[in-house]
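Across the two complexes that follow, chain A remains constant while its partner is chain B and subsequently chain C.
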Partner chain A sequence: MGLIYTLNGLYFAAFLFLTSLGLNIILGVMGILNLAHGSLYAVGGFVAAFLIGLMAGGPIALTIPAAFLAAIAIAAAVGFVLETTLLKHMYSRALEYQLLITFGILMFVEDAIKLVFGGESIYASAPMDGMGAMNIMGHTYPKYYLFVMLMALLAGACIWWLMAKTRLGIMLRAIEMDRDMAHAMGIPMRKLSIFAFALGAGLAGLAGAMVVPTTPAVLGMGMDPLIMAFIVVVVGGLGSLKGALLGSVIVGLTRSFTIAYYAEMEMPLLFLIAVTILVARPQGLFGQS
Partner chain B sequence: MKYYLLNPKAAAYLVALILLLLLPQFVSGYHITQVQIGLAMGILALGLNLLLRYTGVLSFGHGAYFASGAYAVGLLNMYFPEHFSFELSILAALVVSVIVSAIFGFVCVRHTKVFFSILTLALSMLLFAILEKAYHFTGGSDGIRIPMPTFFGHEFEMRKYPFLIGPYYYIVVGVFSAAVLTMLAIVNSPFGKALQATRDNEVRAEMIGIRVKRHRWYAFVISGGFAGLGAAVWSFSAGHITPEISMWVFSGEIVYMVLLGGFMIYEGPIVGAILFTYLNLYAKATTEYWMLIMGATLVTLVMVLPGGITGGISSLYTLLKPKKS
Partner chain C sequence: MKNEIATNRRNFLKAAGVAGLGLGAAALTSVPKVAGAAKARKIPKTPVSLAAISFLTGPAAGPFGIPGDNAYKMMADVYNQKGGILGRQIELKSLDEAGGAKTQVELARKLILEDKVDAILGYISSGDCKAILPMSDELGGLILAYDCGTHVLMEGEKSPYDVPKFELGFRTAAHLGQDNIALALAIKKYMPNVKKIAGINQDYAWGRDSWHIFELAIKKLIPGVEVVKVLWPKIFTTDFTAHVSALQGSGAEIIHSSLWGGDAVTFLKQAMSADLLDNAKMAMSRGEPYPQEVGPDFPEGHFLCCAGTHYFLYPAWDKWPLNKWFVQEYKKRYDKYPTYPSYHAFQAIASYKTAVEKAASLVGGWPTIEEISKALSGLSLETPSGYLSINKDHNAREDCLVGISKKVDAYPFPILDPDRLEVFPSFQVNAPAGISTEDWIKGWKV
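Then we have the complex of A and B:
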């Protein structure tokens, strides 16, 4: 069973990786801890679930890309609107305002979802059922879980390429390192901040879209992933792709194995790990201090 | 004594106290229970503001110390029902919340800014997870019912609701007044001034001999104690406690209260706590989309009224004042 638990852990890690990556980019580039990140995740989830329901009966090779891309696009669009209307005024404000405005956005978006999609849960298991299962060393394992891991790795690779190899990524990292200096060097801060927020939002939307084939889209679905993503950012360190990956794997595996062997300890243990790391190494495992 | 009576602030406090005491004559019992909850939250908000306004760090996990206080009362009732009295509950809540905030605070005060906030949030969620998962001991997500307490050996021979809007209201006003005056004394003491020095310039404060982290820790513990006191008072009005009060969402609401009232003015958080109680109630009673209202209010507040209600009134006052003279 150890193998299955490991796989399940990596599957948790895939979602966490995407969610925390977005959170990390926003925190790194904009300096804002986005409490509304879970709501963007929920937006992606609801959009994807709605589309999958709409395209029921169609080939999953068409349904999946359509649902996922739409989820990314709409979550990013919500992110774009939020940044350009509200968050752009927040960069020079004190921490309490930055946190509270995202807290307000969280409440607002949560109910906006209810308004648009209704309060009912949306079931969208077609892609998972359609993919079927495969046999891994004598255990049946859904193919969709493996697909999710692959997608997360792919997205991670894209982000790595963007951040490490492109001009855009270098400018984003420059902002992360020193905001004032980056500004003085003529980096277009406004455009890049909008881009970073929309990118982070899109990643959260993708994570939300990938989860709905396995569990229905319900109101408040973004709360747990948000807290988990916090832990990953804390464990892995600020502004580090490696950290986000390792942090997700640590949290995912811890979660999967504690659920299997001693379920009551799941959340306490995760927070204990996060707090221990914050105390011992405030910048996280891979963060720059 | 004469000096204190002439002081306009003392006079205003006295008027406010008299109004609070006379309130049951004018409004219905329904409003009394709401004001009561608002006052309990006011004690909590004052505690948070000691950190936010006077120490310059934002705790996003103050629900943890509130929960510590409330669970101290709940567990006291669950395991020692024969000793369940108001005065022991308050004592237990204070002791437990001070111990928990001393442990958590010891870890948190080594950081400032966003790391302080994340750390307090993570620790409050740790407590939440423990409270929810240790259901054999804490009742888990079902929570604990809190019955009416005895008061210094005196048992109230009445039903719960008349008790809450009758004698208990005056007890709450009493505890609240004591808390307001204690906190006022703390922020105006040399200790309070030292805290403000550490907030304004950490390095300079260290240079003139203030032990910055030690002071921040003391402030954290005092703040936690106030949260516990507020929780004890609140738990009897609520009658039922669940681990949700240790969740970060509730901690966010505490910060919301403080900012709604205005954190730059000493009395702001109290105003905010009472207003928040009513706003929350109103939003939940009017529409199922109450989070939309609460969220939109918060966003508007941050955008146009960063000083909160009291800050807004005070700047309006300064705006109008020159025209008069």
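Then we have the complex of A and C:
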């Protein structure tokens, strides 16, 4: 079973990576501790679940890209609206204002989702059912889980390319390193802040879209990933792609093996790891001090 | 078909109107002075204000809150079309249970003291029930808990304990004890030689209490059974892959679960995709809604309990037309079959109406809440699921149905196999008043 436990851990890590990546970009570039990230994840989940239901019976090769791209686009659009109307006023405010407003947004978006999609769960397992399963050393393993891992790696590679190889990414990293200096250098802070928030929101939307074939879209679905993503950010370090990846893998594997061998310790052990890193290396494994 | 429904509705309304009068004579002896003093009382013209509180947002809204709230609205509408309660229209305030126990305590205080509602019919969360039911006596407001499951709500710490725990607090459905005891009894019947069992239950009071009672009962009924894995995922988990693998590795033949809502569906889907359910049987303490939720792929042969006898096909429609009426009326209005929270909501509002009518017939006018409370204690009424009785401990007793999933052509999802429906009478799955469920099970001579 060891191989299956490892695959399960990596599969969970894939979701964490996508969710924490968006959270990390928003926190790193904009300095906003975004509690509404979970609701952007939920927006992506509901949009994808709705579209998968709408395209029921169609080929999954068409359904999956349509649902996922729509989820990214709509979550990014919601992020754009939130940044340009509410969050832009928060950059110079203290942390507690950010927490209050992003928590308020979380509540508001949840109600908006209910207004648009209704309160009932939306099931959208067609992509997972359609892909079927494969045999790995005598164990049935759904192909969709492997697809999720590949998608997360692909998204990570795209973000790495954007941040490391493009002018846009260099400017974003400059803001992350020294906001005042970047401003003094003439970097268009407003435009880049909007872009960073929409990008982070889109990544949250993608993570939400990828989870709904395995679990129904339900109101409140963004809370659990939000908590786990914060653990990953603490472990991996602020503003680090490598940190997000390694943090996700550490959390994913720890969770999988703990559940298999000593289930009672699942959450305590994860929090213990986070606390230990906070004490020993507050900037996280790959964060800047 | 329409006439048939109309006839059944009439029968139902008649039944609901007179239900409980059978026990009315017995209750007379408990309120003779009140009856004598209130002969000249009038029935107010103002509406009866009922607060119906369920989760209308959050993950518990879809599986519980909305089906419960739908049934409240439907029944208030049906009752109002037939003249309300003793001629008073029902004014239903449909309110959200979200926000946690503290928020709900404040809301209950406002509803009773400021809004002066006639009764609160509410609560799905056991935490909310535990926080709010003690307030009934403190604030002088009638509170009928309708869906929360914890067995400790109405029980004392040591047996025997005094009943009722609250004068004005009631629960109009049976608690989780019956679900888990009934499951254990069904397993003993169909898999008496089971050797290895496991559990996956959410890591909070509901999950812990459900497993505790099930483990006590199954070990008492099948003494050699071994618990090979116990998992406690936190509530609203979206990834159960690690749990599924851990259960596969355990070799369990039976997996007990009280998972609910999205958690239950997610776990089942992920378990099905890894073929876990080909080798192990689920025993779900509140599994009744999930074949409908999961759909045609829900596997056959798994034990599903119904939180009572709440099932859209049981009691059989030809034998119990009230269930047929309820199912068809609900389906017509909401395009879904009612699930057990809908039945629980019916029980709450029908219990209130029946108790008011019973008390009014004794006191000769609109009763006080103390008189309604006396009428509720010992009340028996017909519901779509059969007979419901509210014991002197103010907790309802019901029979309990356990079925085994089976695919049939007539429905787009598996139903409970009509040839293997096990109905356990209420006395077999509910502890007597004054004895805790735990002590009761420990005292069984198997």
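Basically, the second predicted complex is superposed on the first by the 289 of 289 C-alpha atoms of A that agree within 3 Å, B and C clash if a C-alpha of one lies under 4 Å from a C-alpha of the other, contacts with A are read in each partner's own complex, and residues count from 1 in each chain.
In this text, a contact is a pair of C-beta atoms (placed from the backbone, for glycine too) under 8 Å apart; a residue touches a chain by one contact, two chains touch by 3 or more.
Keep in mind that this is a model prediction, so the values were computed, not measured.
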Applying the touch criterion given at the start, work out whether A:F80 contacts chain B, chain C, both or neither, answering first, second, both or neither. neither
Check whether A:V211 is in contact with chain B, with chain C, with both or with neither, and answer first, second, both or neither. second
If you stack the two complexes on chain A, which partner ends up touching A:A133: first (chain B), second (chain C), both, or neither? second
Is A:A274 touching anything from chain B or chain C once the two structures are fitted on A? First, second, both or neither. first
Check the residue A:F147 against both partner chains and state whether it touches chain B (first), chain C (second), both, or neither. neither
Between chain B (first) and chain C (second), which, if any, makes contact with A:Y91: first, second, both or neither? neither
So, does A:Y5 touch the first partner chain B, the second partner chain C, both, or neither? second
One more residue to check, A:Y123. First (chain B), second (chain C), both or neither? second
Using the superposition on chain A described above, determine whether A:E110 touches chain B (first), chain C (second), both, or neither. both
Once the complexes are superposed, what residues of chain A are shared between the chain B interface and the chain C interface? 110-111, 114, 119, 223, 264, 266-267
In the complex, chain C residues that touch chain A: 56-59, 61-63, 65-66, 229-234, 236-239, 241-243, 245-246, 248-249, 261-262, 265-266, 269-270, 273-275, 293, 295, 297
Tell me, which parts of chain A touch chain B in their complex? 27, 31, 33, 35, 86, 89-90, 93, 95-97, 99-101, 103-112, 114-115, 119, 223, 227, 230-231, 234, 264-268, 270-272, 274-275, 278-279, 282
Chain A partner, complex, touching residues on chain B are 52, 58, 60, 107, 110-111, 113-115, 117-119, 121-123, 125-126, 128-130, 132-134, 248-249, 252, 255-256, 259, 263, 288-292, 294-299, 301-303, 306
In their complex, what parts of chain A are in touch with chain C? 1, 4-5, 8-9, 11-12, 15, 110-111, 114, 119-121, 123, 125, 128-129, 133, 139-142, 144-145, 211, 214-216, 218-221, 223-225, 255-256, 259-260, 263-264, 266-267
